[in-house]
Structure formats: C-alpha cells, structure tokens
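Down below is the structure, laid out as structure tokens.
Labels for the chains are A, B, C, D, E, F, G and H, by order of writing; each one numbers its residues from 1.
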Amino acid sequence: MRDLAEILESFKTGATNLNDAVVEIGDSFFRDLGHSTLDSDRVRRNGSAEVIYGEHKTPQQIIDLVSALKEQGQNILITRVSQDIHVAVSSVIPDSVYYEDARLISFVQEQQPQVDTTIAVITAGTSDMQVAEEAARTAEFLGNRVDRINDVGVAGLHRLLARIEQIRTARVIIVVAGMEGALPSVVGGLVDKPVIAVPTSIGYGAAFSGIAALLGMLNSCASGVSVVNIDNGFGAAYMANMINRL
Amino acid sequence: MRDLAEILESFKTGATNLNDAVVEIGDSFFRDLGHSTLDSDRVRRNGSAEVIYGEHKTPQQIIDLVSALKEQGQNILITRVSQDIHVAVSSVIPDSVYYEDARLISFVQEQQPQVDTTIAVITAGTSDMQVAEEAARTAEFLGNRVDRINDVGVAGLHRLLARIEQIRTARVIIVVAGMEGALPSVVGGLVDKPVIAVPTSIGYGAAFSGIAALLGMLNSCASGVSVVNIDNGFGAAYMANMINRL
Amino acid sequence: MRDLAEILESFKTGATNLNDAVVEIGDSFFRDLGHSTLDSDRVRRNGSAEVIYGEHKTPQQIIDLVSALKEQGQNILITRVSQDIHVAVSSVIPDSVYYEDARLISFVQEQQPQVDTTIAVITAGTSDMQVAEEAARTAEFLGNRVDRINDVGVAGLHRLLARIEQIRTARVIIVVAGMEGALPSVVGGLVDKPVIAVPTSIGYGAAFSGIAALLGMLNSCASGVSVVNIDNGFGAAYMANMINRL
Amino acid sequence: MRDLAEILESFKTGATNLNDAVVEIGDSFFRDLGHSTLDSDRVRRNGSAEVIYGEHKTPQQIIDLVSALKEQGQNILITRVSQDIHVAVSSVIPDSVYYEDARLISFVQEQQPQVDTTIAVITAGTSDMQVAEEAARTAEFLGNRVDRINDVGVAGLHRLLARIEQIRTARVIIVVAGMEGALPSVVGGLVDKPVIAVPTSIGYGAAFSGIAALLGMLNSCASGVSVVNIDNGFGAAYMANMINRL
Amino acid sequence: MRDLAEILESFKTGATNLNDAVVEIGDSFFRDLGHSTLDSDRVRRNGSAEVIYGEHKTPQQIIDLVSALKEQGQNILITRVSQDIHVAVSSVIPDSVYYEDARLISFVQEQQPQVDTTIAVITAGTSDMQVAEEAARTAEFLGNRVDRINDVGVAGLHRLLARIEQIRTARVIIVVAGMEGALPSVVGGLVDKPVIAVPTSIGYGAAFSGIAALLGMLNSCASGVSVVNIDNGFGAAYMANMINRL
Amino acid sequence: MRDLAEILESFKTGATNLNDAVVEIGDSFFRDLGHSTLDSDRVRRNGSAEVIYGEHKTPQQIIDLVSALKEQGQNILITRVSQDIHVAVSSVIPDSVYYEDARLISFVQEQQPQVDTTIAVITAGTSDMQVAEEAARTAEFLGNRVDRINDVGVAGLHRLLARIEQIRTARVIIVVAGMEGALPSVVGGLVDKPVIAVPTSIGYGAAFSGIAALLGMLNSCASGVSVVNIDNGFGAAYMANMINRL
Amino acid sequence: MRDLAEILESFKTGATNLNDAVVEIGDSFFRDLGHSTLDSDRVRRNGSAEVIYGEHKTPQQIIDLVSALKEQGQNILITRVSQDIHVAVSSVIPDSVYYEDARLISFVQEQQPQVDTTIAVITAGTSDMQVAEEAARTAEFLGNRVDRINDVGVAGLHRLLARIEQIRTARVIIVVAGMEGALPSVVGGLVDKPVIAVPTSIGYGAAFSGIAALLGMLNSCASGVSVVNIDNGFGAAYMANMINRL
Amino acid sequence: MRDLAEILESFKTGATNLNDAVVEIGDSFFRDLGHSTLDSDRVRRNGSAEVIYGEHKTPQQIIDLVSALKEQGQNILITRVSQDIHVAVSSVIPDSVYYEDARLISFVQEQQPQVDTTIAVITAGTSDMQVAEEAARTAEFLGNRVDRINDVGVAGLHRLLARIEQIRTARVIIVVAGMEGALPSVVGGLVDKPVIAVPTSIGYGAAFSGIAALLGMLNSCASGVSVVNIDNGFGAAYMANMINRL
C-alpha cells in the first residue's frame, strides 16, 4: 500500500491520473466493502495492519477482507478460525498458513523488522496451550522472538522456580492460566518486567468459563500485572509487541 | 380486516347476518387459537399488527397464526426463524419472503404509507450485521426508509467521522454494537437526534453474550440514548418507527 | 455565548481584538478548567447545553463549572445534588432554584422555546417519585409540558385504565417503576406512542437495587419500549425531549 | 402397596410368613435399589407417591424405579423425559402414556379421588405452553380439574380481561410466563385466590434463561403470589393440588 | 367504607346528593392523593384492604394514606417502618399499635372474621425472627391463628422432629430461614400441607444477603414448596391467609 | 451437664425426683428459650457444645443463651460480637474473655483435653488477620495448639518458602487469604497435609467482597484443598479441630 | 521411580554413569514434555503421584503423560475422560481400566498400603452418582475402603436416619448433592466426623449448574463442613484420603 | 539498606560482627513484624520497594511497617489512607507528605533516577480524578514525568481530538474512566503506544460500582489495551513505570 506522500508524488509525475489518485487516497484511510469498513490507516496510526477477528464472520466476508488487504500489500492475520475457513481463504491466498494449535491464519507479504528482545509466553497447564499459541504466533507474526514455557502452574512450584532465570531474560512476560489463575501473581512477584495476564476458560464448575481466573488476575497482589479478556491470546501478544518495540 | 364501524354498517344493511357479525366483532379484538390468543386489536391500539416472535414456536403454531392474520388481511412479520420455517409458511402463503441475513419472514398485503424521513442503522462491526438487518428489514416493513452504515466501530474513529454528516440527516438513529458497546455513546455525543442502542451478543469471554455491551449502553455518558434487549433488532426498529411517524 | 459567526463578525469590525477572538473561539468548543473540560459546543451539536452530573463532584468543582456556564450565558441544570450543594452554588448564582423532590438545581438564563405537545411521566408506586420528578423537572427545564400520573402500578389495574385516555394524549410517555417493573409493558400494550422505561432501585431482597425492574423492562413483551439506566430520570427526560421536539 | 396395619394383620393370620413380613414392612418405608432409595412412605407422609424426576437418569435406573413402584401398586409419574425413555418404560409398563407436549410419562393403577374445584393454568405466551402442560397434566394426574387459558400476556390486556371471570371461578391459579414475567402481578391484582407463579426460560438476551421472569415474579407488587423454580410446571401443580385438596 | 350498592341506595333515598354520590363512587374504586393512588377496591377484588409498604415513603405520604384509609373505615397495616414513623402515625391514629419485633404498625377498625385453622410460622434460627414476626403479626392481623416455632434449623434435627406432630396440625406452614435455607426442604418432606418458604438475608459472605437461601428454596427437592421474596414475611403471610381461608 | 445415664442413675437412687428427671432429660436434648432452641445434645452428637453465632442477635437473646449454657456447665464461645456485647455478657459471666482481634467471647468451664499435634494458621496479608485470629482462637478454645504465620502471600514467595518446613510440622493447615486467594494453591502444592482455605473479604473493586478469593480457592489446581465460607475463620477451625482429633 | 538416595548410591557404585545420573536426578523433580511439565516430585512432597486431569487434553498429550508416568513406575489416574480416550491409552497401557460410571482411567503398578478406616460417600439423589463414583473410585485408587450410600436426600429423611449409624462408622464423610445441596448440613449435624461437601451441577433453572448447591454448602449451618468445586468428586476424595491417612 | 555484598564486605573487615551480620542478611530478605512480613528483597527482585496498601490496616500496623522501611532507608508509599492515618504516620516520619486528592502518603529518602519519557494520565470525567491522581502521584513517586489530561470522555469527542497529539508524545498512556468505560477503546484506536485502562466505580445503577466499565475495557475493540482492577490507579502507574523504564 502506498502512503499519502507516494500517491501525491505519483500524481504529480502523471504516473497516476486524477480519478485513480482520489480513489487511492480515500482507500488509504478506509475502504467500504458494504458489510465491512476496512481500516487502511492502522499501520500509520497504530503501527500495525488491521487483524481480522474471524469468529462470527461468514467465509465470504473474510474472503472480501483478505482480498482487499492483500491488494494493499498488507500482512494478514486472521484469528479464531477453523480449518474450513482456511480452505476458503486459500482460494484467494494459496500461500497463507494455518496454525491449528492457535486457530490462526497468517500471510506475510512484507517482512516486519524483527525485535531483538524476547517475549516469554508461559502457561499454567497443558490445557491453556491453545490460547498461549494464539499469543505466541501473533507475537511472532508481529516480528518478535518468543520463548515458550508450558505447564508450570503453582501446584508444583519447583517447575517454575527452575526456569525463573530463563523467564527473567524476557523483556515482556505473558502468563496464560485458567482455573484459579494464580500464576501471574507468583511470576509477577519474581520479576521486574511487565506481566500481561491472560485468563483462560479452562476449568469447570466454579471456574465459570474463566471468570475465576479473570478475577484472580485483576486482584493480583503482585504489582506490574495487567489483564486482557478471557482467552484473548491475541490481545496479550499485541500489547506485548507494543511494549517490546518501545 | 373490517373495523367495528364497517361490521356494524354491514350488519345494519343485512349484508352480514347476526351470527357472523357476533363472531367478526369478537375476532376484531382477539381470536382464540387454543395455543395462542391472536391480538387482532393491535392496529387500532398500537398502530401496527401483531408481529410473530418465531423462536420457540412449532411450525404448526406459526402456520395457524399466519393463516389467521392472512384471513384478516393484515401484514405479516415473523422474526427469528430459520429457512425451514419459511418452507412451512410458504405452504399457506406462497408469496411470503424470507430474509436470510435478518432471519425474518415478511408478507405485505396492504402497503403501509411510507415515511419521508430516514432511520439510520449503524453497526460497530461486521459481525453485528444480523441484528442490524433484523432492525433494517423491520423498519422497511413498517414503511420507513433505512440508511445502512456498517463496521464503523470506535477503534477506527475516522471511519465514523467521515460519515457523520450522512448520519445526521436521519430522524432516528439505531446503533448496533457488541463487545464493549461504545459506539452509541460516541454517536450520541455527535448528533441531536434520538439514538436507540442495540447491544449484540457478539464477542467472547468477558463479553458475557452481550452483557458487557448492554451495561456499556445503559451507562452511556452521552444523553439521548436508550437501550433495548440484547440482539433485539426488531424492538429497536419498532421504537424507531414509532418515533419516525410522530 | 456568541456563536462562531458572531465572533468572526465582531473581530472583523474590530470590536473584538485578535487575542480575545482566539480565546473566545477556543472557548466556544471547550474550556479547560483543569479538573474538567467544559463542552461548550453541545448546544450546536446536541441541541442543549451540557448538564452537570453532580454526584461525586466536590462543591468547588461544581462552582467552577456553573461559573463558566453562567459566563457563557447558558442554562444550567445540575442533577443528583443535596441541599448543601445548592447553598454552595447560590454563592455564585443566587437565583438558582433547588428542587428537593428531584434533587436538581436549575438556573435558566435564556428561556427555551416551549413545545406544545406533552410528555407523560407515570409512576408505578409512590416511592418511585424521586426518579420521576428528576424526569419531570428535567423535561420542563428543556421546555416541555409534563403530565404527572402517580402510583398506578399493575396490582390495581383499574387505577391505570381510568387514566389511559389522558395518557394517550401525550406524545412521549416515560414510565418509572421499581420492584418487578411491569408497568411499561402494560402501558406499552395500550398506546401507540414511544414509551421510555426507567427502572428504579425501589424494592428489597431479590429486587437487587433495580436489577429486577431493569431486566423486566428490557424483556418487555410490548413493543415500542426502550430503557435507560436504573434511576436515570434525567436520561429518560432528555430522550423524551429529543423525541418531543422532532 | 399394603400399609403397615394390613401387613401385620396378614402376618397374624399366617397369610404372610415372618421373613416376607419383615421385608414388606421395610419396603413400606423405603427400598434400596443400589443407585436409588425409593421413598415408599410418601403417600402416608405427603399424600402422594414419589414422582420420578427423569432428567439425568439412565433408562435402566428409570426402569428399576418404575418396576418397584408398579409392584407396590403405586401411580407413576415421570417428568422431563423424551419419547426414547417412554419406549424403554413401555417394555415394563406397556400401558403407560407419554404426553409429548408436557414431556411426561404417566401410569395410573389406582384412580385418585377427584377434586371438584378447578385449577386454572394460564400462559403469557404460546411458547410457555410446554411448562404449562407439565403443570396441567400433573394436576390432572393428581386428580384435579384443570382450566387452560393460553397466550394472554400483558401486552394485549383485553385478552386477559375478557377471561378474568372464568379465571375467578378457579380455586387456585397457576400463571406461567417467560420474558419479563409480569402476568402473575396483573392476575394477582385481579383475584382473591392464591396465585402460583412459574417463570419460564422463554426469551433471549437479558431474559437470561428465566432469571428476568423469576426476579419479576419474586418482586411482584401484587400480594398472594408465590413462586417456584424456572420451568417447574410440576412443582406448581403439586403445590396447587395440595391447596386444592385442603 | 360503603360499598356501591349502599351508595346507590342512599342516593335513591336522597340521603346522599348527586355530587357526594359521584365522589363517593369514584372513591370506592381509587382515590388520587397526588403522590399516591389509593386502591379502595381491594377488599372487593382481593379480599383484604391495601397494605402500606412503608419503606422509602416519607412520613407525610404515610400520614396521607392512613388518613384516607381510616376515613374509609378500613383496617390498616404498615410494614417495614421504624418507631419514628409510628410517632408520626400516632398523630392521626392514636390507637395504632407498633410491633417493634416485626417493624409493623397495625390498626383494626373492624374485626376480621377469625379462621379456625392454624398457620405455623417456623424459623431456622433466632436471627430469622424479625422476618418471622412480620409474617406472624400479618397473619394475625388478617384474622388467623398462628403457631410460632423458633430456631429448629437442620443442624440439630431432633429439635424439629420433636415438634413435627405439632407442625402437622397447621393448615399452612411458613418456613423462614437464612444461610443455606435448607429447612423448607426438610419440613416439606415431612408434611402434607403447603409450605411457603421465606428466605432471609441472615448470614454473611457467600450468603449474599439471602441469595443462597433463595436459590436453595427454589431448588427444593421436596414438593409442595413455593417461595416469596427475600425477607418478605408479609407476602408469605398474605399468601398463607388466602390459602387458610379457602 | 449430666448425661442421660447419670440422670437415670440419680433418679433410681431417689436423689432426683420424677418431675426434675423429666425436665432434665428433655433439657439434655434441647431447651426451648422461646426465641431460640438450644441444642444441648451437641457434645454427644458432634463432639463439642453449640457455638453462638453472635451477629444479628440482640444482647438479651445472647444473655439468655449463655445463661442456659452456663447452667449446663458447657464451655461457651460467641463469634462475631463487638465489645458492647461483651459488656452485656459480663453481667452474667464476669469471667468471660473478649478477644478484640478475633471479635470472640470465650468462657471455659471445663478444660478440653489438649491435642498434641498443631494446627497452622497462615495469612496472605496483614489485613486477613481478624479472620485468622477467629480461626486461631477457636482452635485454641477447642483444645488445639496453634502456630500463626502472617503475611506470607505469593507476591513475595521467599517469605513463605523460608517457613515451609515449620508449616509442614502441622497436622492440619488453615490458609486465610483475600484478593486473588492464591496462597492455598501454593501451600497445597508444597505439603502432604489437608489444607482448609478461608477466603476473606479483603480487597476492593473486582475482589467483590471475597468472591474472587472464594472462586480462586474452589478452583485450586492443588489437590487436598477444601474451602469454607468467606471470612469464616470459625468454620475452618472447627473443621481443623475435627481432623486434628482423628 | 528411584528416589534421590538410590540414584546417588547407584552412581557411586558405577551402576549408573554420570550422564544417566544427571538426567535421572532431573527427572526425579520434573520432566519437560514440551506441552507439559510432569511433576515427578509429588509423591515425596504431597504423598501421591500427579493425577492427570483429562478434560481439554488431546489424546496425544495424555499418551505422552501416561508413558512418562508408567516409565517412572508410578500409579496412574486420569479423570474426566470418555471411553475414546481409554482406547488411546490402552495402546500404551493395555492393562489400564476404564470406569464408565466415574469417567476415570486407572492403572496401578505398585499397590498402595491400604487404610483400615472407611470413607463414606453419600449422595442426595440418583443423578449425583457420576460425581460420587469419581470420588469413590479415586478414594479406592488411593488405598481407602469406601462405603457407598445413595439417594438419601432430605426430602425423605427416614432414608438417611435409617443409615446414620452406618455413616457414623466412617472416619471421613463425603456428601454429594445437587439442587439445593442441603444434605451436608443435615449429615453434618448428626456426626462428629469431618464432612466434605461436593455440590453437583444436577438440577435446572435456578440451580444454575451447581451454584445453588455450592452456596448452600458454603453457608451450611452445621459446623465441620468444608466444600470443594462443583462436580469435583476427585478433589473430595483426595482430601478425604489425606485426612483418612493422618 | 545495604545489599548482600556490602554486608559481607563489612563483616570481612570486622566493621560488622557476626550476630549483626546474620540479622542484617536475614532482614535483607524479609523481616517478621508479627502481624506482617516485610518483603525487604523487592528492590532487587522487582525494581522498587514494597508499597503499603493502607486500607484495612490499623494505624499501629502501618506505623510498624513505615518504621521498618524507614530504618532500611527505603522510599515509602502508602495508598488508600485518610488524613487520620497521616497524622499517625507523622509521629514517626514528620516529613512525610499527604496527597488528599490521591489519598496517598509519600516519603522519599533516596531520589529515584528520573525517566525522560512521559506517562499520560487521562480521565473521562472529573469524578474519575481521585483514581487518576493515585496513578499520577504513584508514577511521579517512582520517578516518572506525568502529563494530566482531564474530562475528555467520548460524549464530547472534540475535547479528546484537540489533545490527541499531546497524548501521542507519551510513552505509555493510562486511561481512567467510569460509567461505560469507552475512552480506552477510542484512545487505543488513535495511538501506537500501550494503553493501560483503569475502570472506576463512578456511576450509578447498572454501572454496578465499576463492573460496566471493567467489562467495557476488557472487551475493547481496540488492540493494545490491558486492564487493571477497578479504581486501581496505583497498579496502573506501577505497570506504566515498568514499561516506561524498559
């Protein structure tokens, strides 16, 4: 996607005519697809392209969105999609990749500059991995190095303590936990880096689909912990990427 | 459906006999179908015919209701129904129309007088469209002009601002949003027309199937915003129609 | 408060110098009071001046706000304040009026054009009156005629039915109810005008400070009912005023 | 099932031997089926036999229970069961009847004495009928006459008022309603008989699967209304039968 | 208060003139006190006079209501009032009685016919007594005999079992319990009379001001139990009186 | 208090006459104080005397209860009482002791046999101490040795780890924590003794008066943790005493 | 699995070489399987091996875990798994057993020392049996004797009272109940042993998937009752085993 | 406070004797005050000293803590305290400062190195200022520059847009909002810096003491937003400081 200066330059030289310039300038801000209004301006404003939240969208709506993004030369990330959606997307972007463990589709047209520092992604239990992988893959898509440490919940503390020095080398730490969601408090008390806590819907009964973990994390007695929505691996990674790039 | 005066006139002239007149007068108020008590008096009392809430009803119950309404010459709108129900309804009303994007069946026997002014139906995201279409189609069924503006949520504010003048030309504004439900507050702060906010069940985790959006809208810091039930596109349109006809 | 055109005219003639014009133009949009950012542009944008939500504000903050509004020649309404706050406000606006039954302070500098049609304000019970009076006084402040009908809850239906013709003469109907909040449904089924439902926190036990009434109203089986926040008489009146002025 | 006196008499005459008498006396209080402990003493204690709550039970468990009850000569009622369960039950009780509209299986071995007075079962909407039929069929099973009045919700009040005299002839009134659950309040204000309110899970969004209706009924401004669990048609009928037999 | 027939007779004989008759007939249905609409028709419709819910009402509003009721010769019951309100009421009805343990004011002008059968009022704990006394005093006000049994909660079952025969002599049983609210289930399993369960707000922590008890009672595994609002001793007694008078 | 055998012996010898024996035997099971039914049989049945839950009780009710318990020679514990109640109690039991930090009154007439093993009472934060002291004092009253360890919450893990060997010497462990309530999970993962978790209402915002801690503890990923009500230090100690005496 | 001393001895004798010793010592604390971090140290720390919570895990993850545990010679218990998972597990442990009524897989390599005293597992209703069997089978797996008593809920109290002496012979009592969850209070009031209460999700409507039962148990008026998560039969048994082994 | 190396050096030189060295080394990790266990190791581990959460603590407990911290030469911050607590604290630290608008006490012994980049603290409304000041003062205490922008909620969008360039100069952005909590979403969509959202308890009715704002923020449609507890200005500032120092 050409930015405003490039379009104007091109128009001045005559390489782009008036009509095309008008449309392209408009498109550089947003593009009306009827069912959707693609926010083309996000790279300039927020530092990265719009990510498609795939849940609740029809295959056709997703195809329209990825086609428009592809045309603009943007990198594409689609979250919360099944293999079926990837089949549909492949019809317009054959090179897109589906990460089943993270339920993501990714397609990189222009490689992001890599960040040297690392984001740690830690899970309390094996069952939290889908959310953690959504976070890890998103962070990698956005150009970060990721260090994964799984199943180190507080019921077997030595598993965490054995790896705490490794965790301390990260610049930002994402902690993913369901059930009582206690891990971010323990990690937060052991490091001097920002911790982003992701409650998951793992558990049963009074876990209430992640409410117990969410409340636990919001009330963390450790400082330096902030929280995103239940199962929102993507959001945690996006925030971590912002911090890691400062 | 003849009104009370017409029945009495017809009885006086002898065109209608006593028995028929008694039944017809009774029917002009309500009609007992066993499982349902059709409210035939709604046009006189509320300005429009009873609308059938299709969910939880059996195909046979719906067929009985539409048959009775059709016989009375009333316009028919059935909400929250699948394609299957339309197949059943078509057996008694072959000309009825099914709007899949809105999950509505509509059948117009007598054209409503059209209103000149417009109702705007705005969505925060593409996924809110089913609810928005329920609103838009209902408003059109009731004789209103509708202006649809989709996917202009607050995370990309310029998409909304670019169309705010268009929105200001409407007489009533319906704003449909899930997740945090912030769009009605922002729209409400930019216009001098009544805003009817519709929370949707779109989202996950702490969206709690629309509770987050509902609470957001009820606590709107903008004045001139009132709220209907989660996913209640029909109710918003009905209210908007009432206001638009004042 | 002079509008933008007036300021520019005055500047052109020299009656206002450059510095004063710059400040006044800025102030016509908003005015930074440190703790508050007064929205001076609301009349143009929303049709009426900013109303001060008095709860949680210190007396000094309120005094600063009313002083600024008074200077701009705007009408002033302060909601949810005790008599004590009125004593403080009187020090800068001796002519302001305190309505104890509604917990409002009002001060009118420029009379609003009156609307001919009426807003009905109906309560289910005597205890709902404080909220109803907040609605009624606000509607009157905004230039509407108000018709009050109190204590006509559904447990004694004849009290409502006896006055339903009176209610039908209103252009907009505000229904205020606590406990089970059933009154808006019953009224909504009997009229062809928009009904704005206000749940109140009146009740005990499973009334849950207005939640029961709020849910009842959101799920109203009558169409043409929309809802505002619990105890939000002001919001209902503001919405009703917008509709009544269409 | 023989009562204690009959067993002792039979033992005294030698018609029943010691071992059999011991077992039969034990069984007249309860019977241990391993997975279940059948309460054989309920007729004496509570006035009617144990009713089987069918949900969550396996077909085999239900067959064991009905076999034991049949052997004791008791009347059998099984609630919340599908047609499939009836097929299984029919293998041991071919004459049992399945009421699909109420999801009940019934089998009467000994006719209950009929009560002369009537129980009215009223619904707010057509969709509330399954719960209402559970109530009506249960009341009939227990020997009551039932008067059904459907779809007279408060949004079309004349439908209710037209039948209020009929309702007043009942000795106990069961009112079944979903959504905002306002009907019991209105009925309760019009009669001098006890009203048993049954909230249903009918509705969507902020109906919260019957919570809105439940809260509405618990907070009824009419006196003489008490409430049972959401969708508990059986419980309402059982209570109504108790009252009707006083 | 004269009923309609008496007024008409008196008018016919000339003892009452036209104007007075019109006012008196109107008043026999309801009386508009501005803040309240007194329902004068309740004795005819519901079998007993309107009871004043005292909470949230100002002393003046209560004085207006009792004055009107006294003038009509009706018996007066005011619930949820402090001693202070009684002082105010005494200024117009010196003979009224205040029951501190029940927070009720009562004034009997015309003795109700007494019912021979008894209502049992049972508490789980000593702390539930205020609610139980509201029930007991109300039942007595309405002409019933009351049998009080206190502090027989399920943690010491023999206390209940020792008095179960006494309880079985009642015609209706009110069971008042806070905390887990288990007592109605146990009582309901031991009797063949209708049980009205009253959850109280007694308890702490996860008692959630009566929610635990309310849910416990709504889910009672015993049949023949229905429930009223948390702390609603009055409502339970009113219902029990209706049943006791059948 | 004499047990049944002692009373019968005494009656046989003539030391106790018939009337006194009847009363004393009755009293040995329960004693009706009107407002309360004292459970005199608890020592035999449950192993310890009834404890008085002081909240919501009037001073007179408490005096009646302690007088009866004292007369029976039982040890007395009253929970959740202020200094004022102790003043009242002192009028009948001058030797009773008030523990302000635990809000308990205690009076020991007959020393309990001491248990050799220890109960550890651990708090996450200083603010949890009132609940912890209620537990510790109750455990001591019941004859246990208590080891107190305060303010070792998970945000500073080394504080806990430094004392874990001391904790492991206890036979039962009570862990008291507010906010996110993570401490029981961490302790539970480090010991092989039963852990009783007590959530406290300490915290603010999304701590929801102890709900966050309660949910955290119910969802503990460590095994061997069970939970009592929010702030229920007494209940935890009672359970711990039962276990410690096995 | 060899403990630390055995490994060191073996290394000293040369039976184990350096590399193998390093790996084996590491493994004796935890073992990193990538998706999981097996806690090999639990027997030493908590007294029993890690139990696999099967829900939410893929078949492959479970196979990896059981393979590692088997290799270490540990006993294996997998909870909340379907028959399908057992088929997968059988491929690596053909001798493992699937308990359908408890949804558990168990495999014992080294018999636990049996405890002489008994754990009673009691259900309120037949439908609570799946949770109860999870508890009973877990307790047996851990080396306890279990006494099962089913369907003795409080609505038919004699069923419980007839077996209370049997219950009193147990050393720990697990009470499993859904709906209003009243059984633990009644049992707790009749015994002097610790009661572990397990709420189940059995019920409908206001049972709210076990919340009613959970709250009932947390607010138990009987002392000596503590609570685990909804449907957490495993957790109750684990706690009971710890207590039974004291 | 000397760190470990300094103590050892001093011991080696003989400047510190053995006993003192042992105590000092112990104290450098934590210090047992009986009611509290001061975490002396936090600077090393987390980068800043322990902050005292003042709510729920007695004056004496706070005095003990500040005395210990002062002795160690640490900077002191006490949150959520009234003026009264400051009077008590002043007795031991006369130079401590009380910030009434933030309810904080601060005492700086050793100036923190200042960070060059800025933290923006933005409020939606004037009433959110107490929480915002807690954030701002904390950030300043920790050595950050703070830019305050008040009362720029979404209902008057131009107030925010006019200052968006100023906001974009910050490195981290704290957004404080009550009611519907929409401001973080709007800000988040306009910047490329991490946004920390703080919901406040400001509002009424369905604001539910901050739940509406909390849910709104957790469901933000803008990326790069994470959330802390309701009213937790301190936590937001602590997190922002960590990020700002990266």
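Definition applied: a residue touches a chain if its C-beta (ideal position, glycine included) is under 8 Å from a C-beta of that chain, and two chains touch if they have at least 3 such contacts.
Predicted, not measured: the structure shown is a model, and the values here were computed from it.
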{"item": "Which of A-H and A-G has more C-beta contact pairs", "value": "A-H"}
{"item": "Listed chain pair E-F, A-F or D-E that repeats interface E-G [over half of contact pairs the same by residue number]", "value": "A-F"}
{"item": "Mean-CA-position distance for chain D and chain C (Å)", "value": "50"}
{"item": "Chain A and chain E, separation of their C-alpha mean positions in angstrom", "value": "60"}
{"item": "Chain centre separation in whole Å, for chain H relative to chain C (CA means)", "value": "38"}
{"item": "Gap in Å, rounded to a whole number, between the CA centres of chain C and chain B", "value": "28"}
{"item": "Set of chain F residues in contact with two or more other chains", "value": "125, 155-156, 189-190, 205-207, 211, 214, 218-219, 223, 229-230"}
{"item": "Contact footprint of chain C on chain D as seen in their complex", "value": "124-125, 153-157, 179-182, 185-186, 188-190, 203, 205-208, 211-213, 215-223"}
{"item": "Sites on chain F touched by chain G in the complex", "value": "45-47, 51, 171, 189-194, 196, 214, 218-219, 223-230, 234-236, 238-239, 242-243, 246"}
{"item": "Of chain D, residues touching chain G in the complex", "value": "29-30, 33-37, 39, 41-42, 50, 53, 55-57, 61, 80, 199, 201, 209-211, 214, 229-232"}
{"item": "Chain G - residues contacting chain D, complex", "value": "125-127, 129, 150-152, 155-156, 158-159, 162, 202, 204-207"}
